[in-house]
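Here come two complexes built around subunit A, the first alongside subunit B, the second alongside subunit C.
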Partner chain A sequence: MGRLWHVAVYLFVVGFVLNLVGIVGHVLVSSFARRWFATPLPNAFTTAWYAYSWREFQLDQVLTVTLVVAASVTALALGLGFPAAYLLARHDFRAKNALLLLFFLPLLIPQMTYGIPLATTLYRYRIGGTVAGVIAANLVPMLPLAIFVLLPFFEQISVNLEWAARVHGASRFQLFRRVIVPLAVPGLLTAGLLVLVTTIANFELTFLLSGAGSQTLVVALYYAVFAAGMRPIYSVDAMAVIYMALVLALLVLVLRFVRPTQMVFRLDRRN
Partner chain B sequence: MISALSFRLTKRFGTRTVLDEFALEVHGGEFVTFLGPSGCGKSTALNLLAGLIPATSGEIRLDGSPIDHLPPERRGFGMVFQNYALFPHLTVFDNVAFGLALRARPRAEIAQRVRRMLQLVRLTEFEARYPSQLSGGQQQRVAIARALAVEPRLLLLDEPLSNLDAKLRLEMRSELKRLHADLRLTSIYVTHDQSEALSLSDRVVVLRDGRVMQVGTPAEIHDRPRTRFVADFMGYRNFFPVTVDRIEPGGLVVARGKDVTLTGRPVTPLAPGSAAVAAVRPEDVELTAELAGPNVVRGTVRLTEYLGREHDVEVALDSGTMVMARVERPVEVGSAVGLRLPSERVVVLPAGDGA
Partner chain C sequence: MLPAAIYLLVMFVYPFAYGVILSLQAKGGGISVANYLAFLLDPWQVRTVWVTASIAVPNTVLTVLLALVVAYSMRRGVWMERTITTALVLPIALGTVLVAEGINGFYGPKGWLNQGLLALGITDAPRLTHNYTGVMIALLVQHFPFCFLMLLGYISGIDPGLEAAARVLGAGPWAIFRRVMWPLIAPGVAIAFALVFVMNFGVFPSAVLVGQPAGATRTIAIAAYQQAFEHSDMAMASAIAVVMGGCQLLGLGLILVIRRRMAATGVATVGAGKR
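Right after this comes the complex of A and B.
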């Protein structure tokens, strides 16, 4: 019985990996194929589709937008999330739990539900369709994410540490520079990387807000597949591989610093 | 070195008064202890002095000039916390150097002073370690070195020994005593432990519910508690409600209770006929062969506890009152004993707990 179970699990894992390798492998192989029809493998390989898609889909511009959006959202989410999380960790007030729940909502509910009214509003103010609009829309779920990741990091910094720093000569500013920020570095790193990856991977909000010059890689990929006109499938596959490589590289980076099991959102009070 | 610190502080959290017009004058070089149970306001008083929380009203003067408006970093104090509060991201050296680095002292001077401080607390070989690599006692010594390094005008210690185990606590107590004897820093020490207060202090302030119950030298507090609360805190376990009968020519008071007629020392003037409480420590109760007489009570042993050198004995008097005694020779449970309450060891306090 136990043996049978082991075999079943083993088969399942093998099947899962094969499936994944099959899908990813197919895209990967196709992106390098000169052409690929009824044969198990293409007859000839080329890297020409990468050059083609880079040119055709203006990937230099798309990648620049993607990185600008991701970097700006990360910087703003950390810049605004840091003081917010610090204040939430240090002060107890009556509406705190309600406020935290309110912050949590953009992370809980599907992005489409608030994305469309948000897009309508932003287009009305002529921010929609611009890079700034994409950044603003992405901040709606990313700022709460940054706050929630940072909050437990601040909560575990004892108030006595701050007091010890103050008594022994640290001004408020020096307290932050010499004690709070160094102790919050793991939190900032965790929050920053998570926001970065999530922003790069975000489709709905970016899709709703981006115009011609403000598409990120995912959205450009979507248009490459579904927009009118004929494109060689190999070039779309090349673009998909570029996207996968980018996300994979970031994911490896994230997992070096963030242990997913350590990510616990604490909503209860301290002590 | 400061020559005087004086303060008068009131602190309310909402409607709750934590400190009520707590006023004191501390002399330069003095070691003063705030002693009281948890919630008496002693730690709050310390945090107010440090400037870490704002006072509701009152003022603090250092050498005559008010310092209330100064933020904590400009008061020039040192502070030691119960949970050490060492910076986990800094080495022992950098922890001790923290205050000096902020004062932008020359690097060589900082290194020299840090090494001297580490020598003082006997941690020289640990300067490259991080706090998490140290034992609790070592961490607290680093915290003390950090507070001393800034040459504080006033040293504040908030239950610095409470997190240590019993043996280490005694060691650290002697170490603190030695440091104060060497440096003569004006120090304010907060504790709920009467033995710490007695052994370390020049003066003890007993606090209860944010009010001063008694201020005095350790000996005064120990031998002449002025209220039942202070007596209780100082180890008096036996309390007899009595009525003052007369005052003897030597100043001793003769008081009559339902269990016994006692002669004892009054700590405040008492008028004949007034209600009072006679108090005596278990250590001062003696076994006696007499079963009646002045300052002698009689009862049955209910419980004995072997402590090694001594025995704690619980004796039920005929009236039902329990008397605790600490005696050197064993007694049997159930046996009838006489207990003498030596009149020089009995204190007579006014009834009620007026401050």
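Right after this comes the complex of A and C.
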């Protein structure tokens, strides 16, 4: 009975992973197909769709926007999140719980729910539709993400090290520059990579805030899939593969620093 | 600290408050609930609440139950665990749009799945994309890994000594689950329910790309988006967003109440979730 149960669970997991392979594999094969119609594999392969896709979807411009947005959001999230996480890890103060809630809510509430009022506000101030608007909106969930990833790293740094530096006459700036930042490098790297890959894959907020010249790759992909039939599906899939390659390259880097179970909410911290 | 807090106050709290106020503004000025009434009295609009709930509720239950069963069975590690968990991160990292495009291909009428079914002689397989089923598949593919990884981290953090002690004292697998593990797991499962439900209720890209956005899967997020960007009626769009947020809160409240009820009859929870 117990064994049968385990076999069933295993079969489900294998089936689920196979379904993922099928989903990703279909896109991959289709992007190289000359034509593909209800056969296990296409009859002839070509790489022409990549050039077509690059040209027709203006991917040079889209990729530039994507990288500018992702890099800016990462830099801002780390720059603003670093001091915040440090203070949250080191000090207790009255408003701490309220602040933790403020930082936690943008991660908890789905982006579609707060994205519409946020977009309304940003369009009113004429920031909506620009690259700056996309960056500003993406920072709303990414800043808390950076803070919550950095928090445990700061908690691990012993306070004794800071006291020792102080006793030896280090100024506040020296303490920061020579002791805390070097010790926080692994945390910064983890947080930075996670924010980077999450921003590139982040759809809803970017979708609501982007205009003609400020689409990121995933939004451009959405419009291409949405307008299926306007262009050959193979060229849409070629764009999807370019997007996939970008995300996967970063994911490989991310997984060197974090376990897969850490890519989702850390339940234990919130109880 | 201050810059981060100020940023979120300006970009998160202020727009939210602004949205609520905007949704209460009447066309001619003054405060009124006209936008809410317009939404609730229009059958085409209010239907989206039921459509969304009919996707979100069954999908949440299915996702969390499957994830719980698999995560519980894998709590002490299994063969190729790292490979499996890495594969499961893929849909989370790749995002909804790519998964939707892949599902349209793989589960579509000319995809590998249907080809396989045809080869097995099954010619009357139901259509799996561009309808309700498609959205259910897309959400499951997206949220099962999320929920599974979350629960796996939680369950494998429970002290294995507790289970070993129960076994020594003669408890069978079911008794161990029911009397020892479940009270420890329940808080995590409640949070998983809450997170998955809230995400499901806000479904947008999957409902458009793999669903039938003009009919069977016209969810409330689609209604809000259309008001904002196709009809440029920001006040109405904000009202719909507020209704969406309200439904999500309602779901969360319900889950909390159920959790309280269960906790009141359960055992004291100690030693959970340390890893």
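Keep this in mind: the second predicted complex is superposed on the first by the 246 of 271 C-alpha atoms of A that agree within 3 Å, B and C clash if a C-alpha of one lies under 4 Å from a C-alpha of the other, contacts with A are read in each partner's own complex, and residues count from 1 in each chain.
Operating definition for what follows: contacts are C-beta pairs under 8 Å (C-beta built on N, C-alpha and C of every residue); 3 or more make two chains touch, one makes a residue touch a chain.
Just so it is clear, the model here is predicted, and its values are computed rather than measured.
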{"item": "Partner chain(s) touched by A:Pro182 [first = subunit B, second = subunit C, both, neither]", "value": "first"}
{"item": "Contacts of A:Ile116 with subunit B and subunit C, given as first, second, both or neither", "value": "second"}
{"item": "Which superposed partner A:Val13 touches (first subunit B, second subunit C, both, neither)", "value": "second"}
{"item": "Contacts of A:Tyr52 with subunit B and subunit C, given as first, second, both or neither", "value": "neither"}
{"item": "Touched partner set for A:Phe104, first subunit B, second subunit C, both or neither", "value": "neither"}
{"item": "Partner with the higher number of touched subunit A residues, subunit C or subunit B", "value": "C"}
{"item": "Contact footprint of subunit A on subunit C as seen in their complex", "value": "1, 3-5, 7-9, 11-16, 18-20, 22, 66, 69-70, 73-74, 78, 82, 84-106, 110-113, 115, 141, 144, 146, 149-154, 156-157, 173, 187-188, 191-192, 195, 198-199, 201-202, 204-205, 208-209, 221, 224-225, 228-229, 234, 237-238, 240-241, 244-245, 248, 272-275"}
{"item": "Contact footprint of subunit A on subunit B as seen in their complex", "value": "47, 50-52, 71-73, 75, 77-79, 81, 83, 85-89, 98-99, 102-103, 143, 146-147, 150, 156"}
{"item": "Subunit A - residues contacting subunit B, complex", "value": "158, 160-161, 163-171, 174, 178-179, 182-183"}
{"item": "Footprint of subunit C on subunit A - complex, ascending", "value": "2, 5-6, 9-10, 12-13, 16-17, 19-20, 22-27, 30, 37-40, 80-81, 83-84, 87-88, 99, 102-103, 105-106, 108-114, 116-123, 136-137, 139-140, 143-144, 147, 197, 201-204, 207-208, 218, 221-222, 225-226, 228, 233, 236-237, 240, 243-244, 247-248, 251, 254-255, 259-268, 270-271"}
